[in-house]
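Note that chain A is present in both complexes that follow, paired respectively with chain B and with chain C.
And then the complex of A and B:
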């Protein structure tokens, strides 16, 4: 199974809206996800300026899908849903 | 100021362990229009608040007199007459050492009752010509005047007697550290670290003096000033996208051809440089800190950071001191600024719309405001040579 790509926006607006709490994912990854996800911080992905709203951050992309007002809980749920879905498809 | 020579001034102080304030005072100023620097160190009679008042008054008066090129004997008389008289000793007294130097190298040192200064040239003591002057009214107060032309890599070290007498009362140093001991330490430091900064050398001398003291506690105020003549360390700091997009390439070239260190502060600015110079930028995870956005690595650029939050934190640290235990983008930028002598700011004036959203926290100031605060403090407190260009 290909690793799920998690991109966390490290732009200023996302940072003040709470991106560092999600960046922590990279340094203390839950055991069940260690081999399944790849976390990267990226500079501003421009989701804020391209219609989603500056105050909707932090933005996180999970396999290309944008999660707005992201929190650690929201991101983990989204990742686990994706894994469950992929495993279901395999069966 | 000229590109050929730069004068770095660094100082460090410890106050007497039993006191809560410094009895010695240090005051340094740069007079850019005259390409001249003046640094004054004074040791007030006694210690604590009383000594602090005497030494602070002395440094302030000496600075004004030297700055105005007034006759030194007359100036010294005025200073001695102006100082308050000690109730116990019935005299008014504070020592002084003054360095008056120009970027052409012309240097004068005036010394009254402080330990004799060190002039370091080619790792050895250089003994410049000197003469003594004294006033008719204060015959016991002799002022030593040294005059010479300094060369690149010369250093001048002035200190209070807390340095040379460090260790008095400690059985291991019955006569204190003494001038010879101090010189041996200085010689060793400059041989081992030929480019040691003025601040680091002053700090090393004072900290070494402290190790001579009984229980490591300062028995007197210990102060040291180092003046270091050297080639300027240049830094170009680029922050913010230009108002006019057509200037993107111009700022990229500026950074590409700069003859010194370079730093970029701002994600969009980094994107512009990355695009214009076809470079690849990656996040530097070793700089992770939950409170400061991470730095990035871009080939050929010494430091790449986020913009406004990092600059705001840098300003706070310049005011309050750098947290030595942290290694984040802001501490790296603050250190880079303090390690540079001549800093060229190039500030893009395009407003980042994202930061103006009223729903975002108020800490997102306008770039120009925070940069203005940073370069003012770098000029006034750290005596850096600054240029600012808005694009």
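And then the complex of A and C:
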């Protein structure tokens, strides 16, 4: 299975709005996700300038899907949903 | 315990951004809409209801404008008017930490509780060992009488079923000097007389009930509504606070209106030099040990809470002091703004005539966002003075002692020890050193565990910031090789 790509926006606005708190994933990943996700810090993905506004930040992209006002909780839920979906498709 | 990632500190950043945005939009004319905008009618409230959320948001915004909740004399006074008052004031209000009383959930007072795991055993070591006879058997189980309990913790130690738990009050547990206490209603209050402004209570409160008077609006006002030359003095911990090259951060600060930016690491080099000379002199005089003095929270803790340690604390001034002194010598008419990770620096600045204002990295970050500045798009700018590798290493635990040791360079015996984090236990340890002597002769004390990169005014993850500081240190020249 290909790794799920977790891109954490590290543009100025997302960073100030709380992206570092999600970056904690880089240091301590939940055991069930260790081999399944790849976390990267990326430059501004322009979600803030494309109508959503920085107030909806921090933005995180998970396999291309955007999570707004991202928190660790929201990001982990999204990742686990995706994994469950992929496993379902395999069956 | 400090909570590194949570909603409460995310909310603090958001509020700061909103205040900056409101300043730019209409000089706070429509500031009263913000709590409503953040908690609209159909929003899931974080507390009992959105109305309480909004009321608390108002107090948070007041703090961001430089007013504590205790300064409220007229409940009907609007944020707009607080904003106007903030823009009118000539001198910023004295820094202080304060509790939003309606946000404080009044955590239970009794520190120990018997859980359902209690089997009501025959041995009953809890009853036997309680020094205050506070434990009795009620309905076949141990029960602690909160009026008699003195929170010694003996019952927890002796219970064979681990049925006793400790219910901490997070702010009281985090405060190393006992400066935060409950009133008769269970609400916490901070005793300013003995508070060391370290900010641990603010970091640890799970309800985000503790706020601090910000000087953000004062600085915005100076930049945009006066002709004064405003200069930012960037603390070395800045490296790693924003995921960009340090030069671009300097460029971004100029873009939001700072006339000049100087590096406090250059002042750190002066501290290292003076502190090394002082250390050598003290050791030759036969002193047992010396402690560093650049952490302002520790400096104040020694003054107020560990007086026996005072003779051992270095008299050398902090990097902020030397940086501001150099700056005011070169540009006597400028307004100096220290930008750092630290809340205690605000208190230090009260006693330093050369430091006019103090902001945190979080507040600077809010200024970037509120002004719509993307650091990544800014032209990199350079610092006028180049700092040494050792000066750059100050924000990491071990950095200050390392810089001093580098210059002591074998002239006298140098045995460093780190006190990484000013906890209650470490205060006891320091007291012991002061009265009974210490094996090591250079004690570096940093109030925040991990060093300044873990300060309460930081944005980035401490671990990640520390790595970036290490890279920046590696690019610097040894102070010994600098002219």
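Keep this in mind: the second predicted complex is superposed on the first by the 91 of 91 C-alpha atoms of A that agree within 3 Å, B and C clash if a C-alpha of one lies under 4 Å from a C-alpha of the other, contacts with A are read in each partner's own complex, and residues count from 1 in each chain.
The criterion applied here is as follows: contacts are C-beta pairs under 8 Å (C-beta built on N, C-alpha and C of every residue); 3 or more make two chains touch, one makes a residue touch a chain.
Small disclaimer: the values here were computed from a predicted structure and weren't measured.
K.L.:
Regarding the shared-chain residue A:44, is it in contact with chain B (first), chain C (second), both, or neither?
P.N.:
In the superposed model, A:44 contacts both chain B and chain C.
K.L.:
After lining up the shared chain so the two structures overlap, which partner does A:77 touch, if you call chain B first and chain C second: first, second, both or neither?
P.N.:
Neither chain B nor chain C is touched by A:77.
K.L.:
Now for A:27: first (chain B), second (chain C), both, or neither, which partner does it touch?
P.N.:
Touch partners of A:27: chain B and chain C.
K.L.:
So, does A:5 touch the first partner chain B, the second partner chain C, both, or neither?
P.N.:
In the superposed model, A:5 contacts neither chain B nor chain C.
K.L.:
So, A:18: does it touch chain B (first), chain C (second), both, or neither?
P.N.:
second
K.L.:
Touching chain B in one complex and chain C in the other: list those residues of chain A.
P.N.:
10-13, 15-17, 20-21, 23-24, 26-27, 41, 43-44, 54-55
K.L.:
For the complex, which residues does chain A have touching chain B?
P.N.:
Contacts found on chain A: 10-13, 15-17, 20-21, 23-24, 26-27, 40-44, 48-49, 53-55.
K.L.:
Sort out for me which residues of chain A touch chain C in the complex.
P.N.:
Residues of chain A touching chain C: 10-13, 15-18, 20-24, 26-27, 41, 43-44, 54-55, 71-72.
K.L.:
Please name which positions on chain B make contact with chain A in the complex.
P.N.:
Checking each residue of chain B against chain A gives 267-268, 270-271, 281, 283, 285, 288, 290-291, 293-294, 296, 306-309, 352-355, 357, 359-361, 363-364.
K.L.:
Can you tell me which positions in chain C touch chain A when the two form their complex?
P.N.:
4-7, 9-10, 13-14, 17, 242-243, 252, 362, 365-366, 368-369, 373-376, 459-461, 463-464
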